[in-house]
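Two complexes are shown next, each including chain A; its partner changes from chain B in the first to chain C in the second.
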Partner chain A sequence: MSAQSHGFSLKEWIFTTDHKRIGILYLIGSVAAFAVAGIMALLIRVEQSSLGPTVFGSIEDAGNHYNTFLYFHGAAMILGFLIPGLTGFAANYFLPLMIGAKDVAFPRINALSVWLFWAGIVMALLTFLVPDGPDVMWTGYPPYSIKTGANTAFYVFTVHLMGFASILGAVNFLVTVIYMRAPGMGWNQLNMFVWSTVTAFIIQLVFVPVLAAAVTMLLFDKYLGTNFFNPDLGGDVLLYQNLFWFYSHPAVYVILLPALGILFEIVSTMSKNPIFNYKAAVYGGMWGIVLISGEVWVHHLYVSGMPNWIRIGQMVSTLLISVPVGLLTISLFGTLFRGAITYNVSMTYAVSCLFLFLIGGLTGIPLAMTALDLHLSETAFVHAHFHYIMGIFAAFSVFAAVYHWFPKMTGKIANERTGKIGFWFNFIGVNVTFIPLFKIGVEGMPRRYFDYQMFPQFETYHMIAMVGALLIAVGIAITILNWIMSAAKGERAPENPWNSASLEWTHCPSPPGPGNFPKDVVVTADWTPYDYGRKK
Partner chain B sequence: MSSGEHAHHWEVSWAPLVATVGILFLVPLSFSTYFVYGNPLLSYIFMGVGTPLLLAGIAKWVAEGHTQKPLIAGLSPSALPIFIISEVFIFLGLFTAYWTMRLSADTWPPAGTPAHMNLVLPLIMTVILVTSSITYHVAEAKFDAGNKGGFKFWLFLSILLGAIFLGCTLYEYSHLIHQNFVPSTNAYSTAFFSITGFHASHVLVGLGIFLAVLFAALAGKTNKYFIFSAGVYWHFVDVVWFFVVTQIYYW
Partner chain C sequence: MKARILAVVGGLLPGMPVLAEAAEAGAIQDPAAGWDHLWNEVLIDLTVMGGVFAALAVWWLIKYKATSPTQIGRGPKLSRAQTWSWALVPAFVFMADDFFLAAKGWTLWNIYRTVPENAMEVKVTGMMWNWQFEYENGVTTQFYPLEEGEAKGDGLVVPVGRPVVLRMTSLDVVHSFGLTDYRVKEDLMPGRITYIWFYPKEVKESVVTCTEYCGMKHSYMYAPVKAVSATDFDSWMNKKKQGGA
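Take a look at the complex of A and B:
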């Protein structure tokens, strides 16, 4: 079925099978999830800013609200914003353009993916409409998740729907990259973002089903009376933790890889340098992460109980991850080296990501060490660590992506000045929020607790963290408003505003119409998306 | 907006959205209203809303698949094996749970398991399922030879065998439930019903795919990639059954 394109048509949006429009639908859904989950984070920071219940009423009410907000914040940020923002929005919009394809291999399955993701958003938002919204964090550990009076089913179905969307997306994009590259485009001519998405989707394909199995067992145990996690009748509680982290640790790389891919695109374009050590970064870095990602999950269970020799083995494999990650980092810095750097908003975000990545990565090393982790586990130190590496780093790379490709998507330039004001609020805000948490984490502040009566000395730090959260809130509001205002009234962008050599800028109009490319794309053997006139 | 000399319109299809709304009502909402909120009436209403939406979405999708020309034809035989990797891992998750429980148990089978499990029925079911794979293979051969009548006959036979297989599962379940062997009985019953049930749900989906192929064929429409992919999926379900039989019944 087809429809004419004359102005805005609701039908052409909600029934669309076009990868660019599906990408925009992903972006709207994930920014909405981000906004609501961000408000939850703000409420959590305000609640903790002083001892005792602060905003949520009596102790009991405060505890329950806090748990529900904590659940929604974690689940919606990871499943509703980071993963779909990167592998949904960014991959959908830019990957087919970068490989010179007219669409993905299976456009209808692509539409099914985005609507399953939206159905997952609906299930997550229902949390606020029922009196017993889930309170199980994003991890859903039994026995609590089974014994709680709250509704664990909504959590399980949110995971199911978004997981199914991810698996279908993985199949779709892997086939697209294998079969729909422009004629002449070899594997070593792919954009870094394309490689990062391919590797992320391989991880999704293999590990998401295991998470789906784990939460299904949870659902059956709680509502149908099965005994998977019931030790009284032969079940095993740790089984859940193992299955859960078997997916959820690699999920970190599902977020990390496309985020790095975006940084490579921006850093290369804005420094006018080809990728430094392309092959080492792709085959050693990205594929290295894929290979090791499945063998490190047990480090999430250091304190859950296991033989010591497994702890040692997991410490080694966890530290080994820093080798491919190091290759990618070297490649990023090498691409900046002696570049003709222009600091626009997206490049400012990209460079700040390198800083965030450094803090997040280095604080991961003590957590990989068993002897240190036994002390640091379940403290605010872990909380701050993974927010740097996974939350903020990846969120900033999504913002960078929106700014970098804003002219491609809208045909307009996003306001630079407002964008930078938003950036500084965000950047200062995240550091003010999370640096104090490192300090009190080392000193013993437990994570996840809604109150800390036994640690009155940490109150000041929590107050500082709240101020940081307020700064972020201002920054995010400025950022989102800037996008909306610029899309509506922004200055008309030139065809290739950053003088990029990548196909989506050189060969197709902004925004691209149906079918993307006015003429079929064919590339030559010496073409590269990073051809900035320098020797390779 | 310039769109050049290529496509001049935005491709649309209502099938994915309608199917998704159907899934949302049929599974998460009806399950939650029934099991979490104890409201069977609302649950049935949600199922009543979800089922026709899902079926309409699938029917439209299949119809479009038989009439529209994709950008590149013939990619589904490459996509399905990739999807099957995912399926393998979900089964591995369930088997891992079973192995964990079984290998850490003091005695096996645990208390509450019937003294004599029926080990003849799974043999018969194996024969039925393998035969259905063979009949489908014959159906494909008939199709390749251009024999539409033979194709439809052997396809119908495969569907019949699949349905008999599911009938055997239902018979077995009712028999076991009669002996008070239900999912909540012990670790073995948990694994038994989850793994055989999950496999049976795959048989059901396979039958649904076969029916979609059959209905289209009866209307005079065929798509060779669809027919091939349906077969690959069915053979995969067949292979999984070998693991189910050896691990769950005969170990």
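Take a look at the complex of A and C:
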């Protein structure tokens, strides 16, 4: 019986323990965070588009508004959109279906987790209502975050709530994958997305507590008079930065891995090809990233006055990340080789991601090199680099996921034509926005500046970047409207519109009802989710 | 003699301008020149790597477009040996490139962190939102970007031809001394002293900007850095010592 046949009941959605509904709740929450944080990004671009304070009034007002918006943009995009969009929405909805499970291991903990996330979204949005909302950037470095008159506590509590949600999700999904795979399903038969979620959640489980500890110490320092980060009384400013990045660098892999996992699913399905060198991608690529992710955080502190030996040591470990990432890249690109490629909206996004990944990944290499970073650090070059790899690449993979599994979630096909129009606005927009930032970054444009009167020559580039941002805004509006319209009155989708070989398409209806699978799933030893050759 | 040999060798070998320039300047290796050189090398490395992958992707995306909706891919099934080769060979190629870049980066890093012996020392203090520079003889300059709508103060004035080492700390929050023209940057923070050095070789006016977020007027925390001739520097310093503006 389909879940939709009951008609809408708010109570059922609030008290739901169904992983699919929880996934949808994550999707709605994270798209809302994305939309508000996107509007902030637009305001940031407009403010920077000309010299001097542009839209926010006097220098004081402009400084304060700009900093609050920048804080919200960063915190909400990372903690409210990227991590929950990938590990909340995508993992919740698709992971149990891919392993042939009826639900997750702890459905009620799962419900707690999504509502903690929603509480975090509310806490973040309060930034705009409380007087003196946080202006500490998503990094919250002391002593500024302690000395500022703004409400750093809202930042701390947002991190706490999102962190708890994430830790609960991590435990839940790891147990689910270990114990609830369909009978017969071995480790080498898992979907790439399942592996990417497993590895991402291992990183979350190990590192989130460190971030929680760091921001809690910040809270104590600011409001309870402790001195963890106060050098006058024996504390150390750098302690916070070390703790923060000890989590927050691995966090980028929490975003990167599931995003890559989604791309593997889509590229394989739309090329009708198995994953090229699956084992190298999983055991070398994904597990390699898990292994190295905890030894590279100092590359965020290259200019912070750390000892030379650790700056050099972590330059080497950071560069070595290119080995697992390279293996994943070869597998992803190799999956296209001798394929039978068809292009729908989700494949178009996935293909664009291949190029975004190259640009974003390769521009990380000079940043990994300590000496080169002494010039590039904290410039628009860094800003453009991490937007390509973490922002746009990951956001596009979320969009690709929504389009790819839209028929699964709604039983309907998302409008292809509108979807592609939205895609081109987005794709052209992001490049128009961020390519100029690479250029002025190398020439010295600092990050987090609303005014740049010492560098008047950069004004044109900022203006171009604003035009790009406007294009993205149009593209995003088209995309979100397309989802809403198609969900409401889209064309009825066939059961397996992309002819996928993965369990969520071959063994359960769209949308799946409670319990997911009409018949218990059992897989044979030679089954794989990418077995296109045998089907015909 | 050694310097001349280096200059000759450096001049002869294409792609070694760093060496040549270092030799010219009497064995002081300029971090900024080294930066530009390494940056260009890394850009070539990245373009080649990215180009290979991008070209392959474009080629395959066009070539392997499905001709019928029921067509399936003919991707290769790897043998055990192929699986291992496709993992180990690329891993070693990437690793080799990593170590090559790391070695280059380390060499340049050593130049960045080794302060020449004759360097002029200036103490830099950062505060919300301006810079203070204190010379060895006690002369102090400041720069106020927003004083009554007009910038005020000298900023950092240095003589051409002598390396400058900055010993830096902060009075309040974390700031960062970002000097684009000389390719250097390092944070200033309370409770620690950090350093960087740079080598002004020609008369030039540059700007230092704060590159670590420090609150409302972060965007206005800058100061001019003027490299002037040695004689101009001496007369400026004499004026300063007498308390002139």
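FYI, the second predicted complex is superposed on the first by the 528 of 536 C-alpha atoms of A that agree within 3 Å, B and C clash if a C-alpha of one lies under 4 Å from a C-alpha of the other, contacts with A are read in each partner's own complex, and residues count from 1 in each chain.
Definition applied: contacts are C-beta pairs under 8 Å (C-beta built on N, C-alpha and C of every residue); 3 or more make two chains touch, one makes a residue touch a chain.
Computed from a predicted model, the values in this text were never measured in an experiment.
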| item | value |
| --- | --- |
| First (chain B), second (chain C), both or neither touched by A:506 | neither |
| Touched partner set for A:340, first chain B, second chain C, both or neither | second |
| Partner chain in contact with A:213 - chain B first, chain C second, else both or neither | first |
| Partner chain in contact with A:363 - chain B first, chain C second, else both or neither | second |
| Which superposed partner A:123 touches (first chain B, second chain C, both, neither) | first |
| Partner chain(s) touched by A:273 [first = chain B, second = chain C, both, neither] | second |
| First, second, both or neither for A:377, with chain B first and chain C second | second |
| Which of chain B and chain C A:418 touches, first, second, both or neither | neither |
| Which of chain B and chain C A:236 touches, first, second, both or neither | both |
| Common interface positions of chain A, toward chain B and toward chain C | 235-236 |
| Chain B-facing residues of chain A, complex | 1-5, 11-12, 14-18, 21, 101-103, 105-109, 111-112, 115-116, 118-119, 122-123, 132, 151, 153-154, 157, 160-161, 167, 170-172, 174-175, 178-180, 205-210, 212-214, 217, 220, 223-228, 233-236, 239, 243, 509, 511, 513-519 |
| Residues of chain B touching chain A in the complex | 1-17, 19-21, 23-24, 27-28, 31-32, 35-36, 61, 64, 71-72, 75-76, 78-79, 82-83, 85-87, 89-90, 92-94, 96-97, 100-101, 104-105, 110, 183-190, 193-194 |
| Partner chain A, residues of chain C touching it in the complex | 31, 34-35, 38-39, 42-43, 45-46, 49-50, 53-54, 56-57, 60-61, 64-67, 69-78, 83, 86-87, 90-91, 94-95, 97-99, 101-102, 104-106, 108-109, 111-113, 146, 172-174, 176, 178, 180-181, 183-187, 189-192, 194, 196, 207, 209-220, 222 |
| Touching residues (chain side chain A, partner chain C) in the complex | 59-60, 63-64, 67, 135, 137, 139, 141-144, 147-148, 231-232, 235-238, 271-274, 276-277, 279-280, 284, 303-305, 308, 311-312, 315-316, 319-320, 322-323, 326-327, 329-330, 333-343, 351, 354-355, 358-359, 362-363, 365-366, 369-372, 374-375, 377-379, 442-444, 446-455, 499, 532-533, 535-536 |
